[in-house]
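Going by the order they are written in, the chains are A, B, C and D; count residues from 1 in each one.
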Amino acid sequence: MAPLLAARGVSKSFFGNPVLRDVSIALQPGRVHALLGENGAGKSTLINLLSGALRPDGGTIEVDGRAVARMTPAHARQAGIAVVQQELSLTASLSIAENIGLGAYPKRFGLVDYSALAARAKAACELVGLHEPLSTPVGRLPLGRRQMVEIAKALYRKPRVLILDEPTSSLSATETKILTDLLERLRSEGIAILYISHRLNEVMTLCQHVTVLKDGICTADRTLEGTDAAGLVRLMVGRDPGDLFPQWRPSASPANAVSVRNFSAGLMRDVDLDIRTGEVLGIGGLVGQGQEDLLLGLYGAIPARTASATINGTPGLPGGVPRANALGLAYVPADRKREGLHLIHTITTNMMLPAFARLPALKLRSRRAERETARGLAAQLGIKGDLARQAQALSGGNQQKVALAKWMPHDPVVLLLNDPTRGVDVETKREIYLMLRAFAAAGKAVVLLSSDTPELVHLCERVAVVRDGRIAAMLERAALSEEAIVSAAMGAENRKVAA
Amino acid sequence: SEANAAAKCIKGDRKAPYTIGWANIYSVPTWMKQTQGTIEAEVETLKKQGLVDKLVVTDAQGDANVQIQQIQSMIDSDVDAIILIAGSSTAPARVIADACAKGIAIINFDSLVDTDQVTAKVNTDSSQWGDQAAKFLIDAIGGKGKILILNGPAGVSVSDDRRKGADAELKAHPDVTVLAETNTPYNVAPAQEAVTSLLFANPEIDGILSLGGALSAGAVLALDKQGRDQVPITGENARQFLELWKEKGLKSWATMQPNWLGAFAAYTAVQALEGKDVPAFVKIPLPVIDNSNIDEYLARAKDFPADGYIYSPYDEELFKKLLAQK
Amino acid sequence: MSTVSSARPAVALYWPVQARRNIGVRSLFVVVLAFLIAYGFLFPGLFSASGFAKFTQSWFPLALVAMAQAILMLTGGISLAIGATVSLGAVIAATTMAGPLGVTGGAAAVALTGLGIGAATGFIVVRLRLPAIVVTLAGSFIIGGAALLILPRPGGAIPEWLSDLLAGDTPTAFVLLIVIVLLWKLYLATPLGLSLYAAGENPVGAYRSGVPVDAARVAAYAISGLLSTGAGLFVAAQTGSGDPVIGAAFTLNSIAAAVLGGIGFLGGQGTMRGALAGSLLLSLMISVMFFLGFTPVAQYVAQGLIIIGAVAIPQFRKVQQ
Amino acid sequence: MAVLSSRPFLTVAIVAAVWIAASFASRGFGAYGHLRYLVELGAVIGLVAAGQTFVVIAGGIDLSVAAIVTVSAISLPLLSWQADPTGLAPVLVVLALTTIIGLVNGLGVALLRVHPMIMTLAMATFLQGLLIIIAGGSAVTAENPLVHWLGNARPAGIPAGVLLWVAVSVIVLTVMHATPFGARIFAMGANPLAAALSGVPVTSTTLAVYGISGFTSGLAGVLVLGMNGQGYVGIGDPYLLASIAAVVLGGTSILGGLGTYAGTIPGAILLVTITALITVVNASPGWRSILFGSLILGLLLLSGREQARR
């Protein structure tokens, strides 16, 4: 049987740098096909070729076994190919429905048929469990919900081929469950699915076939049967993987790095919180319950109120980011494109920014020292690529590493991390985890806001589960499990009582 | 004659003391500020005589459309008279006609509007300005030679009229060659820049026909900075130019758009409201400044702003005489 | 139950979407309303047919250029040639309508010129990837030069009846404005119109979603050109003649109106109703200050304060929340 | 090699090409004296555009520069007092005044969060009101020796204004590209949110940027006063659009975050060159205007392409 969509020996270079070399992939109906690889291996580039967003330098794209001379997004759409991009393609000021239908509106007399759009968008939303009013502007949704809109947008097109580029990277466990159930159902309906993820357990449960890319070369194209996660990692990195999570040794001390009472910021209301030196404190919960505001409020980036606060022995909240930095706080945002990086600036400049922010304004810079610092950081975090290139040329995972790396020279005492491993490949994840634990072991505090529940379970001393702007539960190490976190996040205890 | 009656505009029972609306096009430039000064002084006098009780001033900030809106507001608030400098020679015609139809006295001075629906227009003759300036210059260069012409901004009636006024004289003297012409705002800096470039492109220049504003001062500075000898040049009564004239011993001639046109417009408005007969067009004879009277003007210089215009003296006698002309 | 709900359109969408758009401009609406009330109080004649007609006539051209600018800003563009385009529209109207082309021919010439200039500008900006602000700055000289060639000094004429129709004592301008707003709503309800927002805010994402991004942006420039020359036609009718430099002030005023109305510079932010409210505020301000008897100095100061205030106060409230 | 393909170099090459072509077309255009004069004129635009470059790179725009130039040129003669024979004191006072005006712009942008276009437009309107009060106020022409020197002297054959421009350029380029302050400005322009979260003091940096713009506009006002011997209302008007055009022709992105003053410098000279070229062409005002616009558009094609951003 001819594959619904296939690439035959495609190659692609950017500015003379080969990103894909002679790669082939074939998507069959009724099969979930995993595409794996380290950050920058070329996964996103490959799907851009498949969906016509980019043109290959060599090789062909085939639909239903026939080569397409010049694939464009419009062709792809007609051929029933829908893509959930890694980078969201949404428009903040348009409503959920208008976003879902974008580029494929139902028409009546040449006008957008709003009632048909509403009906079809509603159906797509229900599939992914989106229950917000369809007229809500997408800009008002938290990141995780926007990701669901993006998926609904793909489903709206009733695809024969559905390509998902890291769809779960900003989804909570519950949302991920909805998605995997949905994909399972779509698969059984005969749709061909291409699935990219750095979460290998998802891949193991969901997919039947795998293609692995390494540095732009296809290193495996085989069925998943008979493989385990370790085997996948071996295919990706070319050697035996260590354990994903580092050995856990307690390092918390009774001293508080941060202590706040009746703290309110954004959605968070009247929270009491102590962050101990030497611990990794996890923040969990469904997406958009106010977790992010907690971090931003502590960091002085949004207005916050509190009855009392002590940060590194200094009373009071920072009240501004420069002050927070001076107190030893550092923050790594989740949305790296919008909040973390200067995409049009070089990687070196991005890494040096916190230094520029705190050095005397008119002190002369030393380009050589900057280059050396940056090279050191790149080596430390395994950031690939020419450091004099723009950050936008980096793959998603490498961008995330840059956003983290830039704080390292400043030796922060409290590290506030907002989903730091989103879209990061396993190897890098491991490196980041090791770093976080080492950081804690050195007597510093790490606050880890994460949508990846296993991460919270394996790395944290304690996990604060946030629900509805309050800390619904503070789970100690002994009580930590994925089930405990999820049920606290859903308010399960209450429900049990009610039942 | 009906047209004539309509042109007088004034209708209804308008009794002293009157409210006068002064629809300025742009109140920031110094010429305008000086004009505003003469209007305010005149209104003070008229207030003392119990003829005026209020002067309403608007500033259209250079925008002819805003001026229309402001004149409309003056109509809406039923002022007794409107005096105006038009921001465009055509644009306010309809709103002025509306005001006229509502019986409001309209005195239009300086920049005029192409309409007869006004009580009176007051102005010097732009075409005569160009003609006299050209006469002087051609005479000064001995009836032949190469000249530059500096015009005011393009697309504006006054600068076009002055330029057209010079045409006859230029045609009559085929030995006078126009090397180049410019259009710039009536300001020193752009004139200086343009003349400097023109001097480099045209090494031999015998005279400069400068048609108003501060253009002449810019031209003189340009010649001076390039170490060139000054050439005969025409101009206006800008204080800077008159001082340069004296300092450099120029061969010059200047006329002016007297600032007291404003005072005279206010005076005329009240005269018309009082039922006096006023001519539909009051032509203000061009005062001429030449070597014979330049010292008189400079003697009064300290009473005028450094970037302003030294206008000829005026008094009520002069106004009466002007109104008496037919 | 379930059969009923699946047979009917599931949910109302259009009107809720429209209603949501008011959220960003509510406080501006309040300010504008306050000025309107103040104006009506100071000048009761506003409520007569002719008073209302005159008032809308002074607002109308500014409203059109505010829309012309807002469309561009929604797509992430901007134009510094709006003023020159208005002048050109006025000049063409004044030189054609009283001639052999007649009013219909003249209006067509005005419309085609606007569309053509807009589309050409759009093409240069979009396809050649040049910064709109300087392309349109250069364009303003070219277009302004063309206006001067057609009519080197103020002149020309508009048939009296047309002037009376558009700018007489009947609120024709207001009716026209409503028609134009309805046409805009209609355009915004077409797939191309709705893609304005996506093309402005997230062009890459929009392109990948199958939106004809370039076409949407070029169309926006063309419509913007049409609105600008249309404003010129109206100004010509209002003044009964043409003036090659009449539009100069509209460039900055259109930007001020659009930004006042909450249109952002990065594309995709803001609504047309906001831009219209912004233009209305600018226009009202002039009349209200007149009736309050402000001196020119006070007018300049108050104007600056009102503009800053109208933009800053909503921002301030957002921060407070 | 990198230098040859850089935007500033491209702009310099264009200027040279225009000069050479124009000298062939019109004798005298390429004379040393004329080129020197063009550079002197370029100095005024260059000074205004120095502040404008900072502001644009920081992601803003300053529409009040023209009004500030005028305020500077108009208020300086009012301040000339006998006690100071050098004339330096009044100049410093005026520069302080224009810097404060700039700082107020910065306050509005940073604290009131008014969009730069609106804030600076409103400031320009305020300054018009201020000019009504102060313009024409000086009944005596007071020659300020320093200002006169700046506008007319030619030490070693080089106009003093050009020397001033060179000095300012060196400082501007150093601050822009070799200090943390400069780096903060680029960061703010490229992504203000990320800059703020990285600890860049956004408020004070914004204030500084607009303050600099006020300062350099004030300096340009002083220079242009010296060159014309007299300030007048409207003397600054040509410099608003010219400063923006010089910045963009020099390859700085109007979207902020990318650019250099090294491009603005030839951009400024390019503009005065084109203006001079138009002046010596014999054509009607309409055609001249069309020619001017077309030249800018054509040159933009060579130097001003925006880089695609995601």
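Just so we're on the same page, a contact is a pair of C-beta atoms (placed from the backbone, for glycine too) under 8 Å apart; a residue touches a chain by one contact, two chains touch by 3 or more.
Not measured: the values here are computed from a predicted model.
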item	value
Chain separated most widely from chain D, comparing mean CA positions	A
Pair sharing more residue contacts (C-beta pairs) when B-C is set against C-D	C-D
Rounded Å distance, chain A centre to chain B centre (Cα mean)	70
Intercentroid distance (Cα basis), chain C paired with chain B, Å	35
CA centroid of chain C to CA centroid of chain D, Å	31
Whole-Å separation of chain centres (CA-atom averages), chain A against chain C	41
Multi-partner residues of chain A (each touching 2 or more other chains)	87
Sites on chain D at which at least two other chains make contact	128, 132, 285-286, 288-289, 310
Multi-chain contact sites of chain B, meaning residues that touch two or more partners	27, 61, 154-155
Contact pairs between chains, per stated definition	A-C, A-D, B-C, B-D, C-D
List of chain A residues in touch with chain C within their complex	51, 53, 73-74, 77, 83, 85, 87-95, 97-98, 102-105, 107, 110-112, 114-119, 121-123, 133-137, 153, 303
Footprint of chain B on chain D - complex, ascending	26-29, 31, 33-34, 37, 41, 74, 77, 128, 131-132, 135-141, 152, 224, 227-235, 237-238, 272, 275-276, 279-280, 282, 285-286, 288-289
Touch list for chain C against partner chain A, complex	9-14, 16-17, 19-20, 186, 189-191, 194-195, 197-198, 201-202, 204-211, 268-270, 319
Complex contact set, residues of chain A against chain D	87, 299, 301, 320-322, 324-325, 331, 333, 337-345, 349, 352-365, 392, 406
In the complex, chain D residues that touch chain A	174-175, 178-181, 183-184, 186-187, 190-191, 193-201, 208, 257-258, 307, 309-310
